[in-house]
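Read through the structure below, which is laid out as structure tokens, and then see the notes.
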Amino acid sequence: MTFEPIQIAWTLLGLFIVFNVGLLLTSTVRKIGARVGKRRGIRFFQPHIDLIKNYSFRTNFSHGIMFYLAPVFRLTGGIGIFVFMPIIYGSAHFSNFSFAGDAILIMYFIFFGTLGMALGAGEGAMPFSAIGISRGLSQVTAAEIPLVLAFLAVFIQNNSFSITEIVAAQQGGFLNWTMFTNPIATITAMLAFLGAMMRSPFDIVLAPQEIPVGPPTEFHSSFLGVLSTNRAIFPIAKTILYINLFFGGATNWPVLILKAFLLYMWSVVVGTVFPRFRTEQSIRWFMKYPLILGILSILVLQLG
Amino acid sequence: MDFGLVAVVVGFLLILIGIWGILTQKNIVKIVIGFSIFDTGLHAIMVGIGYLKGRTAPILDSAVSPADALTSIVDPVPQALVLTAIVIGLGVTALMLAYVVRLYDYRKSLDISSYEDLKW
Amino acid sequence: MVRKIFVIILLIGLGWFFYGMADSFHGSDSLNMTASYYAENGAEEVGAANLVTAIVVTYRGLDTLGEVTILFLTAAIAAFFLKSKEEFSKRDVKPSSELLQTAAGMLVPLIFVLGVYVFVNGHLSPGGGFQGGAIIASGLVLLLLSKPLQKVNSRFFALVESFSGLFYVGIGVAGIFLAGGFLDNSILPLGEFGTLLSAGILPVIYILVGLKVGSELSGLLTKFQETQEEN
Amino acid sequence: MVDSILLNPIYIIGIGLGTSFILGFFKSGRFQAHPSAMHSERIKTAPWVLMIGALTVMTFISAEWLWSFLFNGQLPQQIYTAGFEPPFSINLLMGRNEAFFTLMVNLVGLLSGLYLLDKFKEMGTHALSVYLVLIMGLNGIIMTRDIFNLFVFLEIASIATAGLIVMTSDVKALSAGFKYMIATGLISGFLLIGIIFAYYFGGSLNIDSLAEANLTTVQGGVFAVFLIVVSLLLELKPFPANGWGIDAYEASPVGINAVISSASAGATYYVLSKVLIITDAKWYAVTAVVGIITFLGSNLMGIKQTNAKRMLGYSSVGQVGLLLVILGLSEQLGNSFKFIIFGIMMSHYLAKAGLFWLVGIVKTGILKDWGILRKKPVLVFFMGTFIFALLGLPPFPSFFAKWTLVLTLSAAGLNLWVGLILFGSLIEAVYLFRWFGYVLKLDADKERSLSTPFYRTFPVWLFGLLSYYIGYVASVMVPGGETLGMFYLPLAFVGFLFIIDRYLPVWVKNTLSMAAMALYGWYYMAGLSEFRMLFAIIFIGGGIVTMIAGYAKSGKRVGFYPFVVMMYIGLGGLLLSENILQFFISWELMTLGSYVLIIRGKKSMPHALSYMMFSLGGAFLILAGFGLAFAGSGVSSISLDILKNVTRYSGLIYTFLAIGFMTKTAVIGLHIWLPGAHAEAESDVSPMVSAILLKAGMFGLVVLMLAMGSQSLGGVSLPYLLGWLGAITALLGNLMAAFQEDAKRLLAYSSVGQLGYVVFAMAFMSHLGWLTALAFALNHFVFKALLFLAIGGVVMRTKTKTMYEMGGLIKRMPLSFISVLIGIIALSGLPPLTGFAGKWLSYNAVIEKGWYFQGFLVSIAGLVAFLYCFRLIHVIFLGQPKDKFKNIKEAPIAMLIPQYILIGVIMLFSLMPNMVLKPIGEFLVQYFPDGALQWDGGTAVSSLGRWSGVAIMNITIGIFGTILIWLLFMSRKAVKVKQFNIFYSGEAPSRPELTHYGYNFFAPYKKAVGFLVQPLVTRFWDGIADILHSISDFVRRLYNGNGQMYAFQVILFVVVFSIFTIG
Amino acid sequence: MSLKDIEKRTVIGPMGEEIEIDPLRDYYCAATPDLKMEQRKSSIPIIEKFANWARSESLWILAFGTGCGGIELRPLVTPKYDVYRFGIQIRATPRQSNVFIISGYLSVKTLKRAIRAYEQMPSPKYLLALGSCTINGGMYWDSYNTINRLDYYLPVDVYVAGCMPRPESILAGFDSLKQLIKDGKGEGAAKYAEKFEWYKKNQKQIIKDWDMPDYNW
């Protein structure tokens, strides 16, 4: 596929939509949390205000070059995932730059942001952020175990890495979504999804009481602004990836937003029910049930 | 009565006695004596080997003329060899005794087991 | 005690082996190939009456040279090996008994004469250089026993020993140029069979060997005597 | 040399005896028989000069004869004594063998005589004559053809040796001499019985006529033959019954030791080969069995030794055992028997004498304080030469001999013998290299001076240079030797480097070696085929780049450059070799060079020893594999493609060669040498060893797999096994790396993991698998060299390797930070850089091949790689800077230049991956046609997905740039704050050390997954080492030092021997 | 952080050389707040008004409870008062918060931590003082170790009277703060930067063990 400049405009549009959807999703989730506590909760555009406030701080200071670049790495990671993935099946405009790579690229691009964040937190010389980073990395790599197995199952099933082909295979009724053709793989993927979403039971990384907000402690004003921009885009981009691989992708924006919202809710619901894991508990947990399920999902394919 | 066989058998017995002496005696002088018994047994065998029944010593004098030497003398070669062997035996024993003297100078003990410095 | 049992077992094994050898030996009735050759033409090739001496000195001359070297070796090793005690001469040992002294006075010259006779006509009658040398040495032992204090000049023995050895090798090397090969005795004419001056250079060699053995053994004995301790 | 005036050999005997008798004339200096000479008056040097003169004449005669045999076509000459034909008188023979052996004996006699000058002065003229008679006796033994005369000369030699042992004149020597006399007395007794019975049955005393009488068929003759053979064997100190020999070695003065170990062992050995002709085939087999038991037994016991002379005693008894084995198998070896004997005998002869002389120079018997030898580097060089010659490493004759031995034995199907011989030499290598390690590393007490007068060093010099010359001669004579031309020029350059090594500064030598390597690469490597060119780039190109770091060092670095160049010659040789001989020589040269490089590190002695043991073990496995291939392929050529048409044992060959190569790629189980060796090596050696040397093993696997395809052994398909092995190594290697506290050890374990990944990818035997492997090899070289150089620079500045002691170095060493950052991005496979290409290709290969679970393991290993990468960069560069490193400077410029060249290379590969992957793909199509990768423009399209390195790089930079501009605009004047300006809940931190989180960085991971990385493999190998040590300790108790015990053992040997042969 | 920790010391470097360490100089940035940056306003008034609006509508309070007023803040997040509606949130780190509530008497020791926390917040930042003890020392006005006028040490934007005001009055305080910010008069940080020496003199007068740099970034 040749690369026309107009494609950039469409991608920016897609990005803007996802950015706003992300912010709104976070506010709706916090509103639901408040409603559960019989509180009216925040205004649904409060995240927007917080973002603008963060950008409008006057003074800031930097711990060093890597601290300065960490938010840039982080946001590049977030946007990169969105950019390299076809969002809306069928529309050429919204398949962004997916010609550059396939699902493997996205799987590994997630770590680009993590590395940047980790380096910035490290440069901040704040011991607690370093502890947060070490916990975060351990958990993320442990969460990768079921993720790799689930993704492998999908790639084997469709005998292709390119997301468009995988989504194409799932069109025509929800019965041939991967959720139904290979349910075990989907369950494993969903468990892995929890690990990556930084929500309890796997939120020890940002545990407010123990280490003040973990890695991003030292980030403030515009640095924090860039980070929270990524906080909006990155979860949604990952959810889109899961939608494309397991839940039949989306042919139009409303379906996409609905599915994203439901998947997002899955991690929120589990979060409110389960208490927080210690890091080695989460590692051991990922090496128990999700691992067995993942192996099963591949064996099912091989035998079936 | 074949004296050759007698000599050989006696020689072997002497060798066994000599070896018994070497292996069991603790006193190094007795070991050296064991060695000389061993040597004597050896020389007995060597001489015994050369013996031919009913023949005389290989000296060509009035009794044995050079002409009929072939049928009347004993095999001279082992006797020549035994001469050399005896002298070698002597040399070895003399050297061993010299060792015994020097060992005694150092440790004032004749027991073989007190000279076990070099081991393992 | 356990060691003795092992040794007995070992000797039984060895004995069984020797028994095997012994009963494989059942005497031969005729001379074998080499012995018969010596018997036939030993006399006129070498010209020595005593065939054993013929073999010892000429046919297997190298062995005898080896012989002499071994003796020389033993003497040399003993020389640099046994340190003589400094206070040798001051030993207060009591003189030997009267009987021994007079008997030694009489017998020693006789023994020396016998020794010389044995190695001079070694090629005629039984005996030869080694036996003669040994007899001389035994005479010396008698001498040493009888007069313990009497100092014997070992320098003399060393000189005799070296001279005779050197001459022996000289004769051997001469054999290459003058006669058939190394240690060949036909440097001198074989002479008339049975007489004293027969068998070419053989008697000379045997005399030299006799002198050498005699001086070496006596040197050795004096060496042992010097290292005697009082106790 | 006009052959007419050839001196009659009998003069050797004549002069020997004559001079010793003349020596009798001189007043025996030491102890004047006459009591008047109280003090021990020094003898004038006249008698000594006389003896040396006699010895020179004797050497001249044998040299003259050997010369005429070799070049003037002289025929063997019989020498008759007493003017009569042989059976009736003693005859001597001067053939080619006799000339060779007499020259050996006389030469070592002359040199030892020279060596023992001060000892002789002390002992007096008698010792001189005894010594001269000993040498004359040995000549007699070799030349005589009469069995009784042989007995006489044997007696002369043993009595003279017994006498000379006592020259050190202490109670140890005396007791050793006495035991020696007891044992030799018994042996000569048995020999005499044997001779007299042989005469009785055979009818004559001449060996040739006894041979015709073929005694073994005569009824009693077997006994005679048995006794003769057993006593000659006993004379050679066979294993169970050689306590007396070992004590003699330990006690006697060093010059005499040299004579005993080389001259008399050689002479007695030749006698045995002479006498064996009167026996039949059974006795040859028996000799071989006794030989192999001696070889294994004495080498095994050598392990536990702490005294130098006793250890060398064990080693020389072992070598004689090896000679017996070869003699025993002589007719299976056929016409190459002579060459093998020549090779092994010469190197044993030269090396043993040389090592004994060195013991004399260093004067201390205890191995551990041999560090003093480092005061004279030349002597260290020669000691290395002798040890390598003894063990059969390349430039020396024993290497070519062992090579031909293994080939001919495996061709003859005697694989068990090959195994035993190689196992024995491996054990011998253990204690010899340990000793060499003590010399190089242990610090000796400074004030002890090392006196090296000329008369003591000249013999060492002569024999050292001789072993090189004989090595050259052997290299010409070995079958296939003519193809070794490619090594002469490079090795000459190494020699040149040795010479100038002590005089030129580092930068001259560095430029010189780099120029030479560039030339070597250009001249030899121009026409290489595809994948060898890839490896050439890694080996030679990479070598040059990493050597730039050498400029950072100052001073002279004696002994570094010759071995660096030797290593690269070995690596280059691997690529250039067409036949297995060239391949094996290059492999050994590379191991040799890298061993010396590794041992230069401060605490690297134990690691270098384990490195050498694994490499040698691997090399012997490869040798055995080549032997089997040579036998299995039927055709008698040694070209590399015999691997292609192997008919028999193909599974076994594949396993041997694969394991041999994998000792170099440090796969799990064979990896314990790697962390120590790479971590302790110097800062510019580690990149070379880690990034380049490991690829040699990979190159070997490439050659093996391309030639033999996928084999199976016992029903199990080997590539499948390799696949699992590679995957497990990748995971465990990376996991172990994640828990290391020492930076270089972390990188070393990461190399284990990465190489496991390569082995895994190659095991696919599919186009994509191999494409991944080769692309990854190139990547691994680039980023591993980069990381090691960067960390080397940091370690050079901070003088510590423990990570948590460092911290916050980004502020002081920004350039190193950047190179480590790029290094870890490439290593962990993050998209924009080249690492991702490897990851993507491996996913394609896994799905296409169907090895899902191994693929899963490898991808998890990749993630764990990300963990330790971050740990490396965080704990060293980020976090709190420590007081100690407040004003350290940036890494030296010489270390930075290669780093930034490598970064350029990474960027180039990331931007244009097709530049690398397309040519490799085209090459691989010949071997693995299906599943190739299509390329349109910059995008690689496989059957499963697509990947365009260029597009990803551009898009990422695009996004990164826009966000960076946005952030720069938003936070313009950010204040630069320092390390304690952090939010510490209202408090302020007290000291940097307390606020740096680095120690046990992945504690939760260790709690959860710790059980996977228990050091099982290390415990396994330590267990084996302990077993060997305990066996050695148990067996050596056999020699309890009691003379009677030794006599008992001698007779036991005779009885047991008789049961086996005649029973 | 005790006085002992800021003493000068010498350390041996990797090459064995002596290194002079002065903790105050080496560990802390010596810069003082830049007045121009503190008073930086966007050139276009409409953007500044919008920014002020956003700043007022998203007040992140630094969790720093001193004295008895702290307990009053907890009910704010309960359903009864629910300050989230007004965009007010409690943040754990000063780096990310712009409102600092001092809710009780300030002993000299707590003052030191309060100063450090206040200075670590990015500006614009606002200080809310609750209760009489904070404002003028209250019943502890004559105690030996509490401060009497908070304003001498830190620029206070809004005072909320009451001997610990109830949540409703705190909400009223917030409203007046929001109004203050919207009118562009929330310039406490600028005042602090302007009269920096004066503030520092007062602070050093009362805090004897001054072991901090002048301005804690």
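Order as written gives the chain letters A, B, C, D and E; numbering starts at 1 within each chain.
FYI, contacts are C-beta pairs under 8 Å (C-beta built on N, C-alpha and C of every residue); 3 or more make two chains touch, one makes a residue touch a chain.
In this text, all values refer to a predicted model and were calculated from it rather than measured experimentally.
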item	value
Length of the shortest touching-chain route, chain A through to chain E	1
Selected pair, greater C-beta contact count between B-C and D-E	B-C
Centre-most chain [mean C-alpha coordinates]	D
Computed distance of Cα centres, chain D from chain C, in Å	55
Cα-centroid distance, chain A relative to chain B, in whole angstrom	101
Chain C-chain E separation of Cα centroids, rounded to whole Å	120
Between chain A and chain C, centroid-to-centroid distance (C-alpha), Å	108
Junction residues of chain C - those touching two or more other chains	7, 10, 14, 21, 25, 28, 32, 34, 38, 59-60, 63, 66-67, 70, 73-74, 77, 81, 83
Multi-partner residues of chain E (at least 2 other chains)	29, 34, 37, 93, 95, 217
Per-residue multi-chain contacts in chain B, two or more chains	15, 19, 23, 49, 77, 81, 84, 88, 91, 95, 102
Chain-to-chain touches, reported pairwise for every pair that qualifies	A-D, A-E, B-C, B-D, C-D, D-E
Touching residues (chain side chain B, partner chain C) in the complex	2, 4-5, 8-9, 12, 15-16, 19-20, 23-24, 49-53, 57-61, 66, 69-70, 73, 75-77, 79-81, 83-84, 86-88, 90-91, 94-95, 97-98, 101-102, 105
List of chain E residues in touch with chain A within their complex	29, 33-34, 37-38, 40, 50-51, 54-55, 57-58, 60, 78-79, 82, 84-85, 87, 89, 92-93, 95-96, 98, 122-124, 189, 217
Touch list for chain D against partner chain E, complex	797-800, 883-888, 973, 975-981, 983, 986-992
Contact set on chain E toward chain D in their complex	1-2, 5, 9, 11-15, 19, 21, 23, 26-29, 31, 34, 37, 64, 93-95, 113-114, 116-117, 120, 211-212, 216-217
Touching residues (chain side chain C, partner chain B) in the complex	3-4, 7, 10-11, 14-15, 18-19, 21-22, 25-32, 34-36, 38-40, 42-44, 49-52, 54-56, 59-60, 63-64, 66-67, 70-71, 73-74, 77-78, 81-83, 124-126, 128, 130, 193-194, 213, 220, 224, 227
